[in-house]
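To keep things simple, chains are lettered A, B, C and D as they appear, and every chain counts its residues starting from 1.
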Amino acid sequence: MINSEHEAQLNDAALEPILRTGARGAVVLAGIATAIVIGLWFAFYLFVFVPRAAP
Amino acid sequence: MLHNKKLILAHFWLAFGGFGFALLLGEWQMYIRSPLHAWLGNPELYYRSVTAHGTTMAYVLPTLVAMGFGYAITEAALKRPLIGRKWAWAGLGLVLAGTIVAIIPVSLGLASVLYTFYPPMVGNPFYYIGVVMVVVGSWIWVALTVINLHAWKRDNPGAPVPLAMYANTAGALLWAWTAVGAAIELLFQIIPAALGLTTTIDAGLARVFFSWTLHAIVYFWLFPAYIAYYTIVPRAIGGRLFSDPMARISFSLFLVVAMPIGVHHLFADPQVGAGFKFLHSAFTALVSLPTLLTVFTICASVEIAGRLRGGKGALGWLKVLPWDNPLMLAVAFSFVMLGFGGAGGLINMSYQLDSSIHNTQWVTGHFHLIFGGAIVIMYFAIAYDLWPHLTGRALTSFRLMRAQLWTWFVGMIVLTFPWHYVGILGMPRRMAFYDYTDPAMAGEAASVMMSVLGGAILVVSEILFFTVLIRGHRAPRVEAGEYRFSVATHEPHSVPAALNGFGLWVSLMLGLTIINYGFPIAHLMALRDTSVPVVRVGGAK
Amino acid sequence: MSEEKLFSLRNRWFTGAVGLTVAIAAVAALFGFVLLPSLQTGATFADTWDKICTAAGLVRPTTLVSPVIKPDFQTSEVIVTPQMMGPTDTVSIGRGATLALRCTMCHGARGLSEADSPNLAGQYETAVYKQLQDFKTGARTSAVMSPRVTDLSDQDMRDLAAYFAYLPRLPGYHPTGDVPAPRIVISGAPLRNIPPCAACHGAIEYKTGAAWLEGESPVYLKAQLEAFATGTRRNDISQQMRNIARNMTPAEIAAAAEYYSRQPAAAVSEAAGLK
Amino acid sequence: MSETASPGIEKSEQVERRWATISIVIVSALVVMAAFAGIHQATMPQTRIETVDPRTLHIAGEFIESNLGSALEADGSVTVRAVGQQYSFTPQCIVVPTDTPVTFRATSADVVHGFLIEHSNINTMLVPGYVSSITTRFATPAEVYMPCHEFCGVGHEGMWARIKIIDKAAFQKLAADRRRLDCVAQ
């Protein structure tokens, strides 16, 4: 089993302040990732689909 | 504590053995149809190879990984030995026998119909019979999974089913139902024709049955990867699973909406009504919901690990993550490939946008990125994590593992990005060679050669992978301890009945199947004049 | 923990999940079956019910805007399917042997011609049968063949086809290290819509109706390819052979004809030696 | 579930719900965009299901050899009929005008084939037993390839047709002499 050497740190007391930040980092990261995905969809729509569509 | 180590190890080795062989075929195919090689003297060899590559990669590898990993989860999560050990060996035997039965006619060139079958072309019956045996073998695993969960629930009334087992069972149930489509196509349409009992076949109906399997099978492939995201990664990197109920909701959603959406593979087909195409398109959009939820939950779980290690700021926690840990690396690579592959997938499923790239090389690029990339890299990660528990020996070389994961990631990107690009240019799929000397195709030559290079990097990665595993079998013995899963930030003491069983979700899955597939199938079956002559393949005399 | 009843209207998970699923299905169906068909240009529907049935995929009759243009020449009327000939029948072969006596002048006593007429020994049943039918209907014309098939019944043609298919055929003779095989035969020319010959003619895969070409007279093969190319021979269904031949250069036609005609000197006399 | 939830847990559940809501909005937006694209760009899947017997295409009906190719209809639109077979499309060179509604009607005589006009959104499957139909317009003159994009047997790699998009006036002139047009060199 591959574990991080920091696994021992796991305790609820350390966890609580982190949870209170409301997963800010995850919102930013997942938000950026989702935005890129949706951006790619629109890029395809605008630069591939629309130019080829029937006038 | 894993009780049936040999059983699990046998599944993984057979899966990876087939994978290793099929990967070489894949790279040979990339090379042979590229500008680097002269046109193949016998194009049938190419289609034969594609059939073997696809059959092994799509049916044998993921099925065996899901089965082996599934047995490991059943024992480790329920903390008791597997019930039905002999049946499990029988299931594995059936999968192995089926693979051999199928691969013989394929390698003799008697069934070069590709793994998607394509009736009215019909090859040697043993190919299809072999595939059916693989599926039936996997159904034994499904039954054992359900039986083991049921027995555990009986002994632990009211207790929450461990998340890993909940997800594992959801995957098994999804597979049980989604395999039915192709099974009907094989048993009632193709095999009778292959045996000479019938001379005609309704190709349109066959495509509808196959679509029933074709999309949800991707989620079946995906389940082990998602289980690893939720139940292995947070533990391995020193974090916590952000939310246990959200994980259950995601897996339940997959169970409901992964299957009744397959007609999006038939957007361009003439035998399905436009209304049903839209219906399936709408539900396909819905299946991206559990993935969006997963992306957030896993990012949040990883964030916890980063913050516990002292990470600060909106993204500063990323820097302090344990990047030397192979599982950290694997999940990061997997997410990047999932993102790009997912973007391609959203384009494919969008009712109209599909027409720009339907059935071009784009599609091949897409599913290699999602399956070969995002999913298979997690299969590697699962193997690395599980191996010491199976062999009782330590995997020590993190450097080698990281090199393997890096090469797989880079190789897959170099392989699939140009592949998507030539698809946009309109390069059709599954041709044994192309004329790159023509000005209209000259622009594709460089991209195709890039893909060959990407494939070569993947072969290097494969060698590294086997090196890690084989060295693992020779390493000094260690006591690996209990095989554990992630702990949630808030471990559930009780969960709602809906999220502790599958009654509701399976009912919805069956109901949606009737709504979305009932009429098209019944209507096509009622048509009398749409069966067409069977065209035999491999029957040259 | 109290027993929580799942399939109950009082369970929020049950009502929520079922309600949402039904709602999504209903909205999507309304869009797909009613709204989108209404917005589609160029489609006309009798009423809403017709719209829904059409979107559901009910088969609609074909309505042609302009009349079908009839051909100004005789096209093949043979229905070619892989199952068209039925199982091998020794009685049929025997009758065919008798009927074949009238063919020996040109096609040889054992189906191997010494003139430039095609060899028929070991020829695919479907190929012989279809050509005979086409000669009879006039889809294929030949000063020699046309008058000789007028009195043949359908069964006669099946018997002849069965007999010739039963005779041993000339195998391919392409020793490695000899003259290299022409690229046009082995790989075709994809962008000119020329697939490899062997993809249909039997060496790799067989397409029903196609002929076995190995050992055939080069003069005959060249003449037929040229006839397909110029359109003087038009009995290939939906132009399947004309599409290929017209894109071949004269040099390629000559090379293909020469390739298939290659035979070891001994083989021909040996195979025909029984006469 | 969360009978003794801490503020941290409550906060995470709140964030989670918001993320789920945003996800649902994204998914709905994509469905609406796709539907909009379909209506606005006129690339809906074919509306009608029609059947045909692949065995007798060459004997009777609209897919006989002499009726294949491009037909100028009385209403000014163009209908193109084509047959896919192992291993060619007939006609193997299709000619269509610019600025005109063009309806392709095609089917297969044997196995499943693919029908793709490169660099366009014209992309459909030919399934034996059924008629595929797709309507479009072409903006500018061009000559592009039209490969079969579905594996149809050994020889699939050689199944490439071409399509010539020519000026509307030039097409009308050609149509005055011949009732079915193609650009196959005789």
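Note that in this section a contact is a pair of C-beta atoms (placed from the backbone, for glycine too) under 8 Å apart; a residue touches a chain by one contact, two chains touch by 3 or more.
Since we're looking at a predicted model, the values are computed, not measured.
S.K.: Are any chains cut off from the rest when subunit B is left out, and what groups are there?
M.R.: one piece
S.K.: When B-C is set beside A-D, which has more C-beta pairs in contact?
M.R.: B-C
S.K.: Return the distance between the CA-based centres of subunit A and subunit D, expressed in whole Å.
M.R.: Chain centres of subunit A and subunit D, defined by C-alpha means, are spaced 36 Å apart.
S.K.: Just curious, how far off is subunit B from subunit A if you go by their C-alpha centres, in Å?
M.R.: So the centre of subunit A lies 22 Å away from the centre of subunit B.
S.K.: Which positions in subunit C touch two or more other chains at once?
M.R.: 28, 31, 36-37, 54-55, 57-59, 81, 189-191, 196, 199, 204-205
S.K.: Could you list which residues of subunit A touch at least two other chains?
M.R.: 15, 18-19, 21, 23, 27, 30, 34, 41, 45, 49, 52
S.K.: Multi-chain contacts in subunit B: which residues touch at least two other chains?
M.R.: 43-44, 242, 271-274, 277-278, 282, 286, 292, 296, 300, 346, 350, 352-353, 356-357, 431, 433-434, 440, 489, 494, 496, 527, 533, 535, 537
S.K.: So which chains end up touching which?
M.R.: A-B, A-D, B-C, B-D, C-D
S.K.: Mind listing the subunit D positions that touch subunit C in their complex?
M.R.: Touching subunit C from subunit D are residues 31, 35, 38-39, 42, 44, 47-52, 55-59, 61-68, 71, 73-75, 79, 83, 85-88, 90-92, 101, 109, 131, 135, 145, 153-161, 179-180, 184-186.
S.K.: Which residues of subunit B touch subunit A in their complex?
M.R.: For this pair, the touching residues of subunit B are 235-238, 240, 242, 292, 295-296, 299-300, 302-309, 311, 313-315, 317-318, 322, 325-328, 335, 339-340, 342-344, 346-347, 350, 352-353, 356-357, 384-386, 388-389, 395, 398, 424, 480-481, 483-484, 487, 489.
S.K.: Subunit A touches which residues of subunit D in the complex?
M.R.: Its residues touching subunit A are 6-9, 11-12, 14-16, 19, 26, 30, 33, 37, 41-43, 99, 119-121, 136-139.
S.K.: Any idea which subunit B residues touch subunit C in the complex?
M.R.: 39-44, 158, 199, 256, 271-279, 282-283, 286, 431, 433-435, 438, 440-441, 494, 496-499, 501, 503-505, 508, 511-512, 515-516, 519-520, 523, 527, 533-541
S.K.: Within the complex, which stretch of subunit C touches subunit B?
M.R.: It is residues 1, 4-7, 11, 13-14, 17-18, 21, 24-25, 27-29, 31-33, 36-37, 52, 54-59, 81-83, 181, 183, 186-187, 189-191, 196, 198-199, 202-206, 208 of subunit C that touch subunit B.
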